[in-house]
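Chain lettering (A, B and C) follows the sequence in which the chains are written, and residue indices restart at 1 in each chain.
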């Protein structure tokens, strides 16, 4: 019996080894990973389900809507752009696993707009796309640390950083709410800590700061938050969390008839998403909000008009909101980068294209992007608006007044940036 | 004379085991050289699961105590290793040792608390632990909060060559750890302690009458099982690169139990089967779902469905695991032939 | 004011946990199985309720629909799974653990199937009455018409259940089948059907818990929602705290758990949200390993 066991083990190992040898016949090397003569493959990880997915799970549909429009109009030099999407449920360890799949199994050319501060950090630490030369384009987070080109040499941001946003908020508070008590709701990780750093630079002193652990946001928790804000008698409450936290807060506030001056961060500030959870529009009325791209209800804006048309045809019945606009905007910028990468795009040429031409890429934002050979930072500012009686964000007084700043100690200045006209039909030229 | 006849047989068994394990190591080394990166990464994950599942086999299969919270014990080991690495700046090997010790202490405490509990009450306590313990990291800054700590074992040494990928390095470390732990567990289970546990599991009143201190044995089982789970946890964090509460959800504890049942909850050799199944099922589900050409909804949830369904089927029809079932059937066949 | 609010939040959550605990005790008492899938069945029943609410626009019709659906699912599970379980795995080391593992598997199966049919995104169920707090003298309490409704409904359900158990023949049959199945059979009680009934009652109760847990939260339903994970853990812990044998224990366990969690969240730290149940459970089991109202150790499974 014992001899038979040993023989069995040896036989099994030999078979295993032989099989693995056969299986790993290396296929012919493609020109570049993820690029074939007919297709360019990109990969995205974000929460499609789970507590944090509210609103953000429309982004893949939006990006794909733009890419389908692009492909129907010739694609990029004849190649179709396809997007592989994986659900990471906003959990950093799942983001790592899914990103591994994108790189090792789906063999994508580049990672597009992965969402979440903690997720991107975890991926950078363990999957290490930088070491493998994989571009991480237009990350869907405002964490200022990703601008560090030494630590993240292949990463490009697009959203203004949380420090920038906090500084602009701080300036607005100084100009309009001097002497009032300010309260802050923030997420208990690098996302929130970044904001705190920005507020510190802006010199904002909080009467009360309430952190929440990512994943614990719920109606029951919100009741506890409100108790703390009430106790500190906050006049202005800044909600610097994800959409599900903001909605929980506003929903419970409506039930308890708690109504301070609300200030919503852009991450969780999409009105359509919030209203879908049952928050009455009246709660949002007169809240202050920020956005780097035009208001989603501004049909006079050529980008908003084109994008909402494309989206309405691709995903009928789905409302056009900030997540959709940002998703399509990022897809548009990606298309331009791919085009600028040349007739035979490689990962290196893609990154070189953004370094040299990224600042001039057409996009719907009303603030400039700062890409350069030494800088991987995208948009640099916001316009300030107020939510209308129907709960939609619109610029104060009807005209966009934009502010730009940096993630350091630079001042907040009014921007004189004039957005160039959209290229014909919204396609890269 | 009876004792003399027994001793050489024991030695022959031990040397045979060592040869088998070395052989296993050689096979793994060979495999890692020719398989592509994805499989190597999966291989590392399988090795981690093998260790974790064998810890459950030891606890539930041998000492009869059910634990739904081994994910939490893995977390203890992982955090201990990460903190040792970051705060105390210890070399990696020592960090793994600390992981084992820390989780063993945790296991001893849990075992002491659980010694008086049985069946559903023990299950409930470990369930609550599985959910509560990882989130404790949010309370203490040094534990990194919700997004956790970085656990970077560093790049493979240059002496192995430029082409030696990070994942291969993980596979080597995890594989070696798995081989060593399996050998250690096999010896523990074959020792006096293993026999004591089986006695308790079979009939604890009779065991007590034989002079076995039940509480102490149970706590010992928990301690050793926890230490092993802690090692698995530290290795898991190595492959992911970070330690955070979200790496140790309730689903992990359930998966481990599933893997243990699939392998055969009393069969150490089966731990490999359970581990491979756990890693292979999402792949198979993916292929099946794409073959059927079904919607996003089905593809995302098919792996979970398959694992759970497999668990139910196994518990109903092959409750002692495929290996044990096979042996039992053979024994019955032999007996009926006499 | 804070104290009152904390108390009210805790009591409301506690009654829902109590419902869940009751359904687990019902299952335990009829078949000596701890059903980890109870929360999963509650989830499925709540999806039935969602369909009813969306099509018929009435919560009041949806609730009985969910209850009936829950009862049917539970009965089916008992008839197929549990009977198979009892038949196949009464020996070997796995005997004590097998039901636990099987129900865990069932939990996963139900969750996956729900996600496959309804998808992973949030679905809304609108409650029957508003969840806006009562306003007294310009201060608004956390207590709302909805929470009042939940309290009343749970109390009524508990009364009905205890009347069934203590005062009716069916109740007697249920209790007898659990403790002495052979003797019950000899008395002419159809033990198998009585067990199925026990599960059906548990399924209906779980459905109510699921529906209320959803509308008491932010009204959204999804396979992975926090609300249902909470329900799973808290229901079980409440049942264990109270002692698995006692319905009254389940109620008290649920209330105690709900209150303590609420107080810990408000006055200690919101980060202890997940560890609090564990500490509470451990403390109680340390003092009384069979739960507060549980029967003595001799009646161990």
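Please note the rule applied: contacts are C-beta pairs under 8 Å (C-beta built on N, C-alpha and C of every residue); 3 or more make two chains touch, one makes a residue touch a chain.
As the structure is a computational prediction, the values presented were derived from the model and not from experiment.
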Graph class of chain-chain contacts, one of line, ring, star, complete, other: complete
Greatest separation from chain C - chain, by CA centre: A
Whole-Å gap between the CA centroids of chain B and chain C: 32
Whole-Å separation of chain centres (CA-atom averages), chain A against chain B: 37
Distance between chain centroids, defined by C-alpha means - chain A, chain C (Å): 39
Contacts with 2+ other chains: residues of chain A: 49, 87, 188, 213, 215
Residues of chain C touching at least two other chains: 120, 271, 273
Where chain B touches two or more other chains, by residue: 135, 138, 300
Contacting residues of chain B [partner chain C, same complex]: 60-61, 64, 66, 68, 113, 116-121, 123-125, 127-129, 131-136, 138-139, 201, 250, 254, 257-258, 261, 265-266, 297-298, 300-302, 304-305, 307-312, 315-317, 319-320
Of chain C, residues touching chain B in the complex: 28, 34, 81, 84-85, 88-89, 92-94, 96-98, 100-102, 104-109, 111-113, 115-117, 119-120, 229, 233, 236-237, 240, 244, 269, 271-279, 281-282, 285-286, 289-291, 300-301
Contacting residues of chain A [partner chain B, same complex]: 2, 6, 9-10, 13, 16-17, 20-21, 23-24, 49, 87, 91-94, 96-97, 100, 104-105, 117-118, 121-122, 125-128, 131, 188-190, 213-215
Residue numbers on chain B that touch chain A, as the complex places them: 13, 16, 19-20, 23-24, 27, 30-31, 34-39, 41, 135, 138, 145-148, 150, 152, 166, 239-242, 244, 246-247, 249, 300
Complex contacts: residues of chain A adjacent to chain C: 48-51, 53-54, 57, 87, 89, 188, 212-213, 215-216, 218-221, 223-224, 227, 247-248, 251, 254-258, 277-278
